[in-house]
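What follows is a pair of complexes built around chain A, which joins chain B in one and chain C in the other.
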Partner chain A sequence: MVSVEIVVGLLYSSVSLLTPILLAGLAELLVERSGILNLSLEGAMLVGAFTAFMVAFYTGSLGYAMLAASIAGVALCMLFALLTITLALDQMVTGLALNLLTIGITSYFYRASFGWYVSPIPPHVETTLQPVEIPVLSQIPILGKVLFNHLPHTYAALALVFLSWWLLFRTESGLKIRAMGEDPQTADYLGINVNLTRYALLVLEGGIAGIAGALLSIGYYNMFLDNMTQGRGYIAIALVILSRWNPLLLLGAAFIFSFIDALQLRIQAFNVPFLPYQFALMLPYLFTIVLLLVAGRKVKGPASLGKPFKKSR
Partner chain B sequence: MGITLERRFLLIRAALALSTIGLAFFAGIIIISSVGKDPLQAYYWLFQGAFSPPAIPETLIRATPLLLISIGLATVFKARIWNIGAEGQFYVGGMVTAILSILLKDAPPSLAFPVIVLVAGLGGALWALPPAILKATYGINEVITTLMFNYVAIYLVSYLLHGPFRDPVSMFPETETINPALWAPIVVQGTRLHVGVLLAFAVVVPLAYFFLRWTAFGLKLDVLGSSARTAQYANINVTRLVIQAMLISGFLAGLAGGFEVLGIQHKMRLELSPPTSPYGYTGIAVALLGYLNPLLIALTSFFLGGIINGSMTMHRMAQIPVGMAGIIQALIIIFVLASYFVEDKLAKKAMERLKLW
Partner chain C sequence: MLAAELKKITKVYPGGIVANYEVDFDLRKGEVHALLGENGAGKTTLMKILSGCLKPTSGFIYVEGERVEFRSPSDALRKGIGMVHQHLTLIPTMSVLENLRLGLVGQRFDMRRMLTEVEDLSRTLGFKVRLDSPVYALSVGERQRVEILRLLLSKARILIFDEPTSMLCGPEIDRFLALLKSLSYKGYSIVLITHKIREAMHVSDRITVMRMGRVVATLDKDEVRDESYLVELMVGERLVPAVANARPSHSKEALLTVKNLVVNDDRGLCKVKGVSFELYAGEVLGVAGVEGNGQKELVEAIAGLRRPVYGEIIFERKNSYSGRMNYIPAERMELGVAPTLSVAVNSVLRRFDDEEFVERGNFLNFSKMNEFAKRVVSFMNVRTPSLKTPVKYLSGGNIQKIIVGREILTPSEVLIAEQPTAGLDAKSAYQVRKALSELASKGVGILLVSSDLDEILELSDRIAVISDGKIVKIFEKEEADPVMIGSYMLAGEGLGHNVRATVSTD
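After this line comes the complex of A and B, so read on.
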């Protein structure tokens, strides 16, 4: 019954949908390993999506759009860093507050630019990011179709999985990052600059999250919608927990998730009579909870994750 | 020494709260000016639409769901349980209210009304239960699960409103208007002030104040909030406490949804909450700005309810997108958090001066 064509298509879109969530998840994973829980990942993706759309709309340049998106993401994460590292405020609440702020700001400036009543066809950009076919590899039957005809960001995300694993577990910097996530006080005594490292990781996260958000507005769609990330950043954080803070496992978790997401889109498109589209839309969220229930029980993260660190002298 | 130390802290706290609001509005000036609008004129309409005498009843109506939700959130936040799912619990409360009102349309209203109100609360509590159990028994992060449940609730409501419970004659996905005999009674003629407003301000606030401050339950929440380990040493059944607190929080959010349907909308709609400042999320701001104290929360709900109400006037008269209300609320939370930092510093300085440590 199920033809190869459909399966290949499903796997192809799984890999494609994997990209933003994997990018965001990897960045968050590194930050969480250093002991910071950054919920404003969601907001950083949203400002990325918004900024990329606005810049692409007014300049027509996708390059500038991506650059601006990552700058916007960095700006938001720097604000988060200022509040939670320098002022040592509660990370969870700060992250949530920044997310509310980004929902308000993006919707406000979108309306301020395009007016309150967005016509039936919302403003959209003409060109979007295009997949790059890898010459020889894409000729491999099935595998070539599934893996080697994607946005450049997909290849980058896959490379980043191994790169961040290597950084965390095979380098001295990785050891330092993990050490400060377990016990920042001791790391500090050993001469590691905890706050500076955490700032640096948050800059990285902001940049990556901004780009991940941009993929939504100018990669998969060609427009911006209010709150268009729809909790994707939070889901990325849930996947980080599931992966037990290991990039290789994160790849697996993110792939399973994107497969469900791709399946959900198919269900919507085929208009299955006994499954209304709202139930299809629910699937990724329900599935995240089920995954947490199956594999996320009593997992132990970095010991000082989410705790403010005050340097004692 | 005309002024005690405690009173001085209280004054500092009040001054900080006022300056945080001031700072949020100041930041708002920049955002309004950046799109070429006149901030003073915008704020004039904002306050006119929020706190001028004719606007007060509608502001109270906006404040009521915020108040119920944020009192529930204060209960869990005290124990440092982060229920972010009030929005979903609010929607579930509203949905079961509409369904039950349709089913019970011929029942005697004096009997049906209290049942419906109770079931609205239970619906919200039920929606809070799975994340509560996951948190209490498996230690699964409640921020993630309650958030996921919000999306599930909204899609579920969307399905019910597009499908089985859609009013066939309406152009919009909404239920039919419920039987007027079941509407929440109006308490002030000529306004939309219904019995739910009275219940929230005159009954729930004092009750919550009493429970959180003077009972063993409130104390246990405080202990759990200060440290999970201390709670265990104090022989507190943490699993039970977490579930109880989450159920209360969900119940109040569900109740808020129920009264929004019975008192204001008279049907279930997809926009039960204002889209740019949803009650469930704004309630987080209210609870924090009110220092988790029910009396201050009543005041804060009134204030933020006013901002939501006034933002409509500001939009109509000064063409400022209503998203501005959401921005001001978020800025207030951020500045409140920053003020905790200032308060901490000031307290330390005062202690040092008194050589208390």
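After this line comes the complex of A and C, so read on.
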């Protein structure tokens, strides 16, 4: 007999696990709609996680930590923008290279600050981000518990889903973004400033990705670990494809993913015999592949996604 | 008063091609100024400079007497300069409405006003556009109409049209030209690039002729003695004679049989509604009709690009080597060439199953490829720096020449020619018509789809009129008469009285 408690708990942690992936995914979705494939999303999350932890550790201020994390994310994405937009380098290669770079840099500076031998009890911050209970709504039975006692970022992410859908499909800016994702040359001829818009979107993505990363180190945990993001950025990108570049579908896809993630955490905790925990760990990723096979096969993205655009003038 | 002026414009493309050399060009307020010149003369380049799409290597631009420097097309738009490009610039996945909307970015926007304006314009021009249809489902001619509408909707006062009528049919061209004229009376200044001299003579106040990157003459219309004089200025030769259409009468051996063909378009709407005909060896069968009446889908089905819903297409290879069906598509850039590959590769693009070019099924024979490419280039007089040049760096007409040359020189049993001369200069168009006629005398069956009724009348042995997805009449050459054909074209259509934009959103 599965008790209500367990289900509520499971759903609650799904929603809370959802937040960083949804945030990162939404930002990437907007960027991809404009025709840029930014794999360095993963790296931006990682520098966000690292920077947030360091600032929180040394200043004790979570506010500064979040701010610093988003600045770090922006900085990385601007580097990416410089290389891929201004210099028109290959986006895929640049993104991957930057990710490897961030893994190295964060691990290096972590050790440079805390010693080369990581002690059995890693350094941690005293206070972490706290959920905010929404007054009346959180009293609703079940739903209140599942939805209305989360980090402020969760609420922001949910709002952002609708906001970005509205931006893309109901505003002129959205029309411009989609046009340049299909054909930047045509967009340019129509008087749209392609490169500037893409830069702006990458600033947005960097900021959001940095915050999403920070949620890991000072929200759900209280410490930083090597390569802490563990491919969440990549997963966000996969979910963007799965959602056919539609924010509303992204919410669904991200929720299913985090639900399975939450489920596999329980499975690990229950220590099911004959089922090594590595198997449970694998589940969400396996699910992503299966879902891509089923739903993502005939999906066509923005026509110029990932292609360098050089104005010939 | 000059609306715009270009002074001593030189444009050297990366790679060293001099497309414009010390060109002076001016546009008076309220005039229609035709820009003529053979393929590759530099017309598009010059106008892209005026619209801010290209930066001149040297030279000056003045708008309303004021010196300007455009860093991007949006700078030019702000000065009221807009352009319809030769290669279409619509977003295929977006709807017609969204594409029209894109032409108005940065301006105050009112959906209801735009819809009324679209409807008014479409009525004046006799265009029929479904606003909710995605652009990819439209034929090239229909896309051209959308593009024209988009520029007319924008607030530009200087309108540049780069071969806007290449895919329109007779009555539509007349209406379009009449609209240009009336716009010029309202104070709009218009540049019209065209290869149709009659069009230029009909509508323009002045005519500028370019050749090899330079302006050879700017004339008031009254100064032009006759059309052949213009041709001489353009290509340095006297006017070409019309194609003598004296072919041996064709056999009754059917090469291609189409039976009860039903074809849907990309949206699943039925576009070809039960078409049957036979194409005989050695004949040119012209297909006449207003764009959007199923020609695109019919041709795509025959060419194997689209699966018919119902019916049969029987094509028997009589001869194992030349027993193929060649195809000159109207969608040049999308279906005709691989834009980033070289002239040489594009010349043999459809022959990679051919022993001559691919030995032992895998190894490319470059010398043979180059040899054939050279034949294509010299046959069609393609202007290209080298065989290695990517075709996207050629002028629009020269790209077209490569496609046509390739399809004509590659042995075939049946040739589907869709708008084969659209975008070609007078001399090249003549060359192509002659070549098609010769092919037919050699026994090739040619299906000619063209919006140019004169071309169809000139070349065809029989003329099938398509209207609303059905072949309403097949004329023998002797009984064909433009007025009759025209009335059949409009039979299922009623162009002229109840044409209006179908306005529906979402």
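What we mean here is this: the second predicted complex is superposed on the first by the 313 of 313 C-alpha atoms of A that agree within 3 Å, B and C clash if a C-alpha of one lies under 4 Å from a C-alpha of the other, contacts with A are read in each partner's own complex, and residues count from 1 in each chain.
Throughout what follows, a residue touches a chain if its C-beta (ideal position, glycine included) is under 8 Å from a C-beta of that chain, and two chains touch if they have at least 3 such contacts.
The structure presented is a predicted model; accordingly, all values stated were derived computationally and were not measured.
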Larger contact residue set on chain A - chain B or chain C: B
Which of chain B and chain C A:Ser3 touches, first, second, both or neither: neither
Touching partner for A:Ile241 - first (chain B), second (chain C), both, neither: first
Common interface residues of chain A - those touching chain B in one complex and chain C in the other: none
For the chain B and chain A complex, residues of the former touching the latter: 31, 35, 82, 84, 130, 134, 138-141, 143-145, 147-149, 151-152, 155-156, 158-159, 162-163, 275-277, 281, 284-285, 288, 315, 319, 321, 323-327, 329-331, 333-334, 337-338, 340-341
Chain A partner contacts - residues on chain C that touch it in the complex: 14, 53-55, 72-74, 76-78, 83, 85, 89-94, 98, 101-103, 105-106, 109
Chain A - residues contacting chain B, complex: 39, 83, 87-90, 92-94, 96-98, 100-101, 103-105, 107-109, 111-112, 116, 226, 230-231, 234-235, 237-238, 241, 276, 278-279, 281-282, 285-286, 288-289, 292-293, 296-298
Touch list for chain A against partner chain C, complex: 172, 175-176, 178-179, 182-183, 185-193, 303, 312-313
